[in-house]
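Chain IDs A, B, C and D follow the sequence of writing; residue 1 opens each chain.
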Amino acid sequence: ACGNSDTGTDEGGSGDGKIVMGFSQVGAESGWRTANTNSIKEAAAEAGIELKFDDAQQKQENQIKAIRNYIQQKVDVIAFSPVVESGWDTVLKEAKDAGIPVILTDRAVDSADKSLYKTFLGSDFVKEGRLSGEWLVEQMKSATGDVNIVELQGTTGSAPANDRKKGFGEAIAADPKLKVIASQSGDFTRAGGKQVMEQFLKAHPKIDVLFAHNDDMGLGALEAITAAGKEPGKDIIIITIDAVKDGMQALADGKFNFIAECSPLLGPQLMELAKKVHAGEEVPPRIETEETTFTQEQAKEALPNRKY
Amino acid sequence: MTDSRPVLTMTGISKSFPGVRALHNVDFRLFPGEVHALMGENGAGKSTLIKVLTGVYGIDEGTITLGDEQVAFSGPMQASAAGVSTVYQEVNLCPNLSVAENIFIGREPRLFGAVRWGEVRRRARKLLTRLDLDIDVTAPVASYSLAVQQMVAIARAIDVQARVLILDEPTSSLDAGEVAQLFRVMRQLRDEGIAILFVTHFLDQVYGIADRITVLRNGTLVGEYPIAELPQLALVEKMIGKELDVLERLEEQPRRELAALEGGTPFVAVSELGRKGAIAPFSLTIHAGEVVGLAGLLGSGRTEAARLFFGADRADRGEVAVNGKPTSLRNPVQAIEYGIGFCSENRRAEGIIPDLSVRENMILAMQAARGWLRPIPRRRQDELVEQYIKALSIRPANPDVPVRNLSGGNQQKVLLARWLITEPRLLILDEPTRGIDIGAKAEIQKLVVQLSDGGMAVLFISAELEEVLRLSHKVAVMRDREMVAQLDNDDTVDAERVMQTIASGSTRKEASQ
Amino acid sequence: MASHRLFWPVAVLVVMLAVNTIYRPGFLAVEVNNGHLYGTPIDILRLSAPLILVGLGMTLVISTGGIDLSVGSICAISGAIACLHISQAPDQNSLVTVFTALAMALGAALVLGAWNGVLVSVIGIQPIIATLILMVAGRGLAQLVTEGQIITINSGPYRAIGLGHLLTLPLAIFIALGAALLVAALTRRTALGMIIESVGGNREASRLAGIRSARMVFLVYVVSAACAAVAGFMMTANVSSADGNNAGLWVELDAILAVVIGGTSLAGGRFYLSGTILGALIIQTLTTTVYAMNISPQTALLFKAVVVIAVCLIQAPEFRAKLGRRRRGGPASPTSTPQPQKEEVTA
Amino acid sequence: MTTTSLTTGPRWARLPRRHVPVLVTLALLLVMYGIGVSQYRAFSNIQVIFNVFIDNGFLLVVAVGMTFVILTGGIDLSVGSVVAMTAMVSAWLLESGLPALPVLIIALLIGPTLGFLMGCAIHFFDIQPFIVTLAGMFFARGMCTFISDSSIRITDGFWTTMAQYRIGDPRGNFVSVSVLIAFAVVLIAAYVLAYTRLGRNVYAIGGNPQSALLMGLPVGRTRIAVYTISGLCSAIGGILLSFYTLSGAPLIAVGMELDVIAAVVIGGTVLTGGSGYVFGTVLGVLVLGVIQTLITFDGSLNSWWTKIVIGGLLFAFILFQRLIGIRYK
């Protein structure tokens, strides 16, 4: 069932006319990622696209290997979520030479040669950070005195961590009252977020705002805040990114104050694009997923039909 | 015979380990063209003196002069570069490397930096021929018995064009033939003007080859004597500091008479027991209270036979009966359950647990037999350990030092104690007196006699044929991994007769493989 | 005093705490909050509990000359199984549910430990590779259990494993302490410890002394898995959720480090449980220090590298001997002559 | 290392015995490849094999260095981080405008220097290699994020040429320059281990360090040398990786040390030292590469099944390797 036609034509495609897509996923490092994978798999099945899926386990080398193998298998479209931004030129060139179009999802690459891929579909991490920052600036307009912010970063060196930090930093620069007094990596995990927050709470008697680079760290930090005898959402304002179900629940419960969405449900859009690209249609070079932000009220409304 | 100026002078050497003063103000001289025996009891400090000389240990006080220069080697590498070639006690070879490589590593013949393997093998073969050893030099050294390994280590040392050759108990597991061969080579080297330092516990060997003797006792120098001025008894007295009556008593002991043991069921009877590639099928019975000696030359398969008795290797044919009941000895645990104990010849690889203390090493077998859930009470441990430290005069007499810090001979005693403590019904002793000093050896022999009188069966293996004959009721003769004869040890049997049996033993060589 | 085996690890720990206290005087402060003791030292104790547990098992494994890389995965699997069972139960707070969950998860961990044990002791695969298999596949199994999601639970009794209190102190501390005492009693009150050490010190020799070496080797992997399972409960209970991918990630490395800092040699042989516990405390204190002193994540690893190397230098007798000699400007004193070889110096 | 005489039975029989583990590994690798070919059509393309080499060239080089270390009975956990650090430093220096040659030289010096220092700490202070190299791992990884917490692109002409130059046949099958470099490293290492004193000393130390010392071998020097060699190989691996990805990224090659150790051990080298061959290591790397290729060709596994299947394949492989190997023991 796995073999596709290999009848000498360079531009393959299986005999039954089904589009074959090779997709290399970063890994399964978070619930968000799993939702992303599921969305793509479901959408592919729905759209009648044959999906060859590979999990790179957070290793760029594995993704490059996977892409090379897709080229060998002469798939019709290659899509992948790059683990890091840089380092793709060589293999993308090989794909181009083999005449296989490439779509990037979720994360961008920094190739100077934009012809190496057809389009990018995903979120803008910088924007997510900025939206969070802007909301905070708005909230704190009337505040007097310094506003002490602590930040829980994602995995050091990863693109979402870098970009979200950047976007947030840019936005709060608008108000000199807002100060990031401590910033540590919580590795995007609940345990990490909790452990770091515990220390923040002890080292800094006055914390007004927590900005976490994802929901999971925020959820971990919640526990630390409660254990310290403070009330999350009131004593400390909590802003996170992602909007996974547990995070939305916390928001609806009034424990979080604001979430910038980062949607994993790229599947349908990706399949649309794949079909277009395969048919040779022009597609815009950059497509951002439709994303929004949630406040506590919005969360209460949205929660019942949250899929992930 | 000797030059007037020593090639090596050590003066005022002192060396302490934490809690032990191994050497105290020792002087030592070595002249070119002499064989100099360094004598002393176990733990007297012989090996330490050698290691201090070659820089394995730093010295606390004293000076070492080699030739005209004062030296302080940082390690064996420097020492051998300066012309001091050493065979340390215990076999120190790399088990994973081939025989040829072990001989030449560090000074392989090379061409443009590349080792010439063909040349290495050729020269290794030649060198071993000189020692009368014909073995496959490409096989890993670990595949040979300890005795062969010892010969390989000697070969390595004598190939170096050295000024000083040091041999620390090189003969501990060799038998007469190899020793004679080694002595021939040593004499040759001596005549070439090389100074040889030789350590052994065999007095005959000392008197067979040495020119002078230095005696150490408890880390201090007793004296230096020309061989002619120190008769055996005086030497023993100097070594142990008192007259050795034990030894004499044992010498006087009558031959072991074969008691009326043969009638009853033997404790262990094996028939046609064998293992492919190791030993041809053989049959042997051992009765309670009987001492059976295994005689044979190096590599004749004595160790292999003993291992089958203990289940250390699994026999692939033949039958075993313990107390008349057929059974099989599949592993040591089972053998121990039957009351069999086995003291291996290779104390370093198969005997001591270096990290553990003397106490733990001693009680290990007993504890293993009791199971881990029933630890031996501390009081009982103390009793047992104290008893055997005294009986075997183990030094230092501190049960809590790691056994690795003991001298070679004392480690051997600890192993012996490990099995004696279990009070086995059959004790297999493979070279139990290896590296053990003369006083302790007598003690051990006495102990064996005592225990067998008390009903313990013993399977006794020793490179020293006299020792085997002195203790055994019955001698089984091995040759080429085959049991060729069994002799009742009566008046007609002596070393010569055994050697003859070995030489003329039926050669069913093909059948053995 | 300085010659005691635990002197230097303790000294390191004290220095680390002192530095922290100088940086922030409140570091060691402990106050009562909601009837519980609350403060950084308590955090360190609580957070090091899982590491201590994993370290205990790892100590035994290493003592036999082996290594167990799969402990992280086993933490994740056991946590996942327990949380999955609880999350599916109608009443998450029921003690019966929680105990069934724990029993199931522990059972699974024992099976996995036995698997490791068989590979190493019966089939004779090198420990590092044998346990690497489960390290890789085990993550997959954990995710298979959680289906790649984070399972959040809301179970008071289960939470208590990670966050509950007893006598004003976190329960986790008592669990770790209890496990440590249990393992210590099991190994030091019986002959098990000596037997394990002898297997690690010289496997062939202990076989010939009548020890069932293979059985001992098998056993330590099972014990290690059991310890990892309990650690897995703590990790997941601590955040009330099971994350198949991240729970116990890299804990094997920390555990090995703790064991080695504690003075047990990776070559096998003698083991020191109290050393391992100190090692775990040192590692956790180091992590906490990074947060407490707000060392930027970009330089945190450099900081850790420096501390780790300093810790081992201080612990190395060779280093102290050399340092001492330099300071005194002369050769070493007679009593402290360095011995070039620790291993197997036989006469 | 061949024996001249084939006439005597035992000698002839003994010769291959030493090589049995490697031969078994090779046979199993071929079986695995055969399974791939029979299951997936495109698997039989020559380029698939070439890709395994292209994609694992740097891993191979690093594994060769690790083989030296493991042969002495040591271990080097720092390799993955040193690879990343080398790539990172190269990218950073190139970005700051330094020409290719000095960058190469500097980058190639960092790894061996760190290796040398670690070797010294291990030898002179008698600290366990595990801890020392773990600290080295923290240090090198720390340097990466210290230099930059986001990835740096390489646009240098030399680098891009090395990355994209294809050496191949007219039918379009090709290998990259890195593959040739990797092969060169393998050959040199094999030669060093088999024919030089350094190489033989490595084996001797692995066999029994105590004996090696008493036999007058330069144990300290050799120990330090192997960590330096491992550092050098990691540095070369880092350069190859920077060719491969044309960038330096702080999080690249995380956990690579385990892959490398696995490759070396699968290749038949014993972790306690003293026995193993570079050729075995090559096979070990190929085994991991082929497993990875099989997984991507299948393309139907989800994330967790991927891990389980990798573990399962690894298990099956090692089990057969062990069981078949035992027979010949």
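Convention: a contact is a pair of C-beta atoms (placed from the backbone, for glycine too) under 8 Å apart; a residue touches a chain by one contact, two chains touch by 3 or more.
From a predicted model like this one, the values you see are computed outputs, not experimental measurements.
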item: Per Cα centroids, the chain farthest from chain A; value: B
item: Pair with more cross-chain C-beta pairs in contact, given B-D and A-D; value: A-D
item: Euclidean distance of C-alpha centroids - chain B vs chain D, Å; value: 44
item: Mean-CA-position distance for chain C and chain A (Å); value: 34
item: Chain centre separation in whole Å, for chain B relative to chain A (CA means); value: 71
item: Junction residues of chain B - those touching two or more other chains; value: 56, 75
item: Per-residue overlap in chain A, given as positions that touch at least 2 other chains; value: 27-28, 34, 37, 156
item: Residues of chain C whose C-beta touches two or more other chains; value: 143, 148, 297-298, 300, 340-341, 343-345
item: Each pair of chains that touches, named by its two labels; value: A-C, A-D, B-C, B-D, C-D
item: Interfacial residue positions of chain C with respect to chain A in the complex; value: 24, 26-27, 33-34, 38-40, 43, 47, 143, 147-150, 152, 163, 235, 238-241, 243, 245-247, 287-288, 290-292, 294, 296-298, 300
item: Touching residues (chain side chain B, partner chain C) in the complex; value: 14-18, 43, 47-48, 56-58, 60-61, 75, 89-90, 310, 312, 332-333, 335-336, 342, 344, 348-356, 360, 364-365, 367-376, 404-411, 418
item: Residues of chain D defined as touching chain B within the complex; value: 1, 3-4, 10-11, 14-15, 18, 191, 194-197, 200-201, 203-204, 206-208, 210-218, 274-275
item: Chain C - residues contacting chain B, complex; value: 189-192, 194-195, 197-198, 201-202, 204-212, 269-270, 332, 334-335, 337-341, 343-347
item: Chain D to chain A touching residues, read off their complex; value: 39-42, 45, 47-48, 51, 54-55, 59, 144-145, 149-153, 155, 160, 163-164, 244-247, 249-255, 289, 292-293, 295-304, 306-307
